[in-house]
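Notes follow the structure.
Which chain is which? They are A, B, C, D, E and F, in the order written, and residues in each are numbered from 1.
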Amino acid sequence: MPISARNKLRGTIEEIILGNVMAHVVVRVGDNIIESAITRRSAEELKLKKGDKVTAIIKATEVMIQKD
Amino acid sequence: MPISARNKLRGTIEEIILGNVMAHVVVRVGDNIIESAITRRSAEELKLKKGDKVTAIIKATEVMIQKD
Amino acid sequence: MPISARNKLRGTIEEIILGNVMAHVVVRVGDNIIESAITRRSAEELKLKKGDKVTAIIKATEVMIQKD
Amino acid sequence: MPISARNKLRGTIEEIILGNVMAHVVVRVGDNIIESAITRRSAEELKLKKGDKVTAIIKATEVMIQKD
Amino acid sequence: MPISARNKLRGTIEEIILGNVMAHVVVRVGDNIIESAITRRSAEELKLKKGDKVTAIIKATEVMIQKD
Amino acid sequence: MPISARNKLRGTIEEIILGNVMAHVVVRVGDNIIESAITRRSAEELKLKKGDKVTAIIKATEVMIQKD
């Protein structure tokens, strides 16, 4: 079931912080770190924990470009 | 001037497609491809072109997690 | 492969408009219409066309609430 | 005062969870559930509570399409 | 009908560019310029044109902070 | 290092609320107030505090237009 979101980065969860409503998820993707803020409820339903293999998914319209 | 956006991925532009209002930018980041949809006006003002060194910037609240 | 995005609305594509960079997709979901702006490239890669069964996916942080 | 956001889904609040900064709002829209993460401050200013009639509002650029 | 989006900036349209799918809208808000990319269809349905009084609306989760 | 995000509003922080995962930042920009929800971790790393000079940054695709 392919999704239109163009960015799919496979990695491993390094850390999760749970708040009351939101959760902060840190994912290692090769040499990069990707950080995500999702609902706590999603983190719980997906049973996300350190070491899980996950894919970070990002819609192209959410990506900005900075010239170096 | 540091920015709150937590995700900053350095790479090289591989392709740009210009529409009337929007532009599609493809960036190679290590082994991954990051794709971005920005305004055509930004692409022109930044003079983005193939081979440019850029940083893709993404706010953590825009990143979803899919369990593999 | 479950995704953290909390909103998944199943429906049928009623209309697609292709621009140079973006595409406008209209999906009927029960009595509601959901409209989406994705990249043209995604619309082409998914071969989206009128009548396709699709799921509109929306991250909870993107949903606003208006009091009636 | 019409707004450019193309998606407006009318429903009824089923549940609200308040965190320190954010709030999680669950809205029944016909046969579907829509979930939203807004600031706690907005939830308080709008005095959102279970049973309220609300409209969930979503910009088209935030909607992804998954092919079933 | 109040909306949860916390940022509402009143101004006047200075320029509109219509693409096939998207539209670029430039709004003067006091001393600042706010630029928006919405669907062409919304620009047409709202009959947006130069000189119109409008409010730019932005969800708090979409605002980043850069330290000067 | 210019960024593609089209909206950059300079102002002064008036208030910060820290949650466990997220932070709510209120910025005065001339006669307007801009509010932002970022991760607590970013607020801490940038050492954001009342009185700081900051720039609120917003991607054009996140801005809606309401006709008055």
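The definition used in the following text is that a contact is a pair of C-beta atoms (placed from the backbone, for glycine too) under 8 Å apart; a residue touches a chain by one contact, two chains touch by 3 or more.
Remember, it's a predicted structure, so these values are computed and weren't measured experimentally.
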### Query
To reach chain C from chain B by way of touching chains, what is the minimum number of steps?
1
### Task
Work out which chains are contact partners of both chain A and chain B.
C, F
### Task
Would you kindly say which chain has the C-alpha centre located farthest from the C-alpha centre of chain F?
C
### Query
Which chain's centre, taken as the mean of its Cα atoms, is farthest from the centre of chain A?
E
### Task
Could you grab the centroid distance between chain D and chain E? Build each centroid from C-alpha atoms only and quote it in angstrom.
21
### Query
For chain C and chain E, what's the span in angstrom between their mean Cα positions?
22
## Note on the structure
dist(centroid_CA(chain C), centroid_CA(chain F)) in Å evaluates to 29
### Task
Give the residues of chain B that touch two or more other chains, as numbers and ranges in rising order.
1-6, 19-22, 24, 35-39, 41-43, 46, 55, 57, 59-62, 64-68
#### Entry: Pairs of chains found to touch, sorted by chain label
A-B, A-C, A-D, A-F, B-C, B-E, B-F, C-D, C-E, D-E, D-F, E-F
### Touching residues on chain D, where the partner in the complex is chain C
5-10, 24-25, 27, 29-38, 42-43, 46-48, 52-68
### Task
Report the residues of chain D in contact with chain A in the complex, numbered from low to high.
17-24, 35, 37, 61-62, 64-68
## Note on the structure
Counting only contacts in the complex, chain A reaches chain C at residues 1-6, 36-39, 41-43, 45-46, 55, 57, 59-61
### Message
Considering only the defined contacts, which chain F positions touch chain A in the complex?
### Response
1-5, 19-22, 39-41, 59, 61
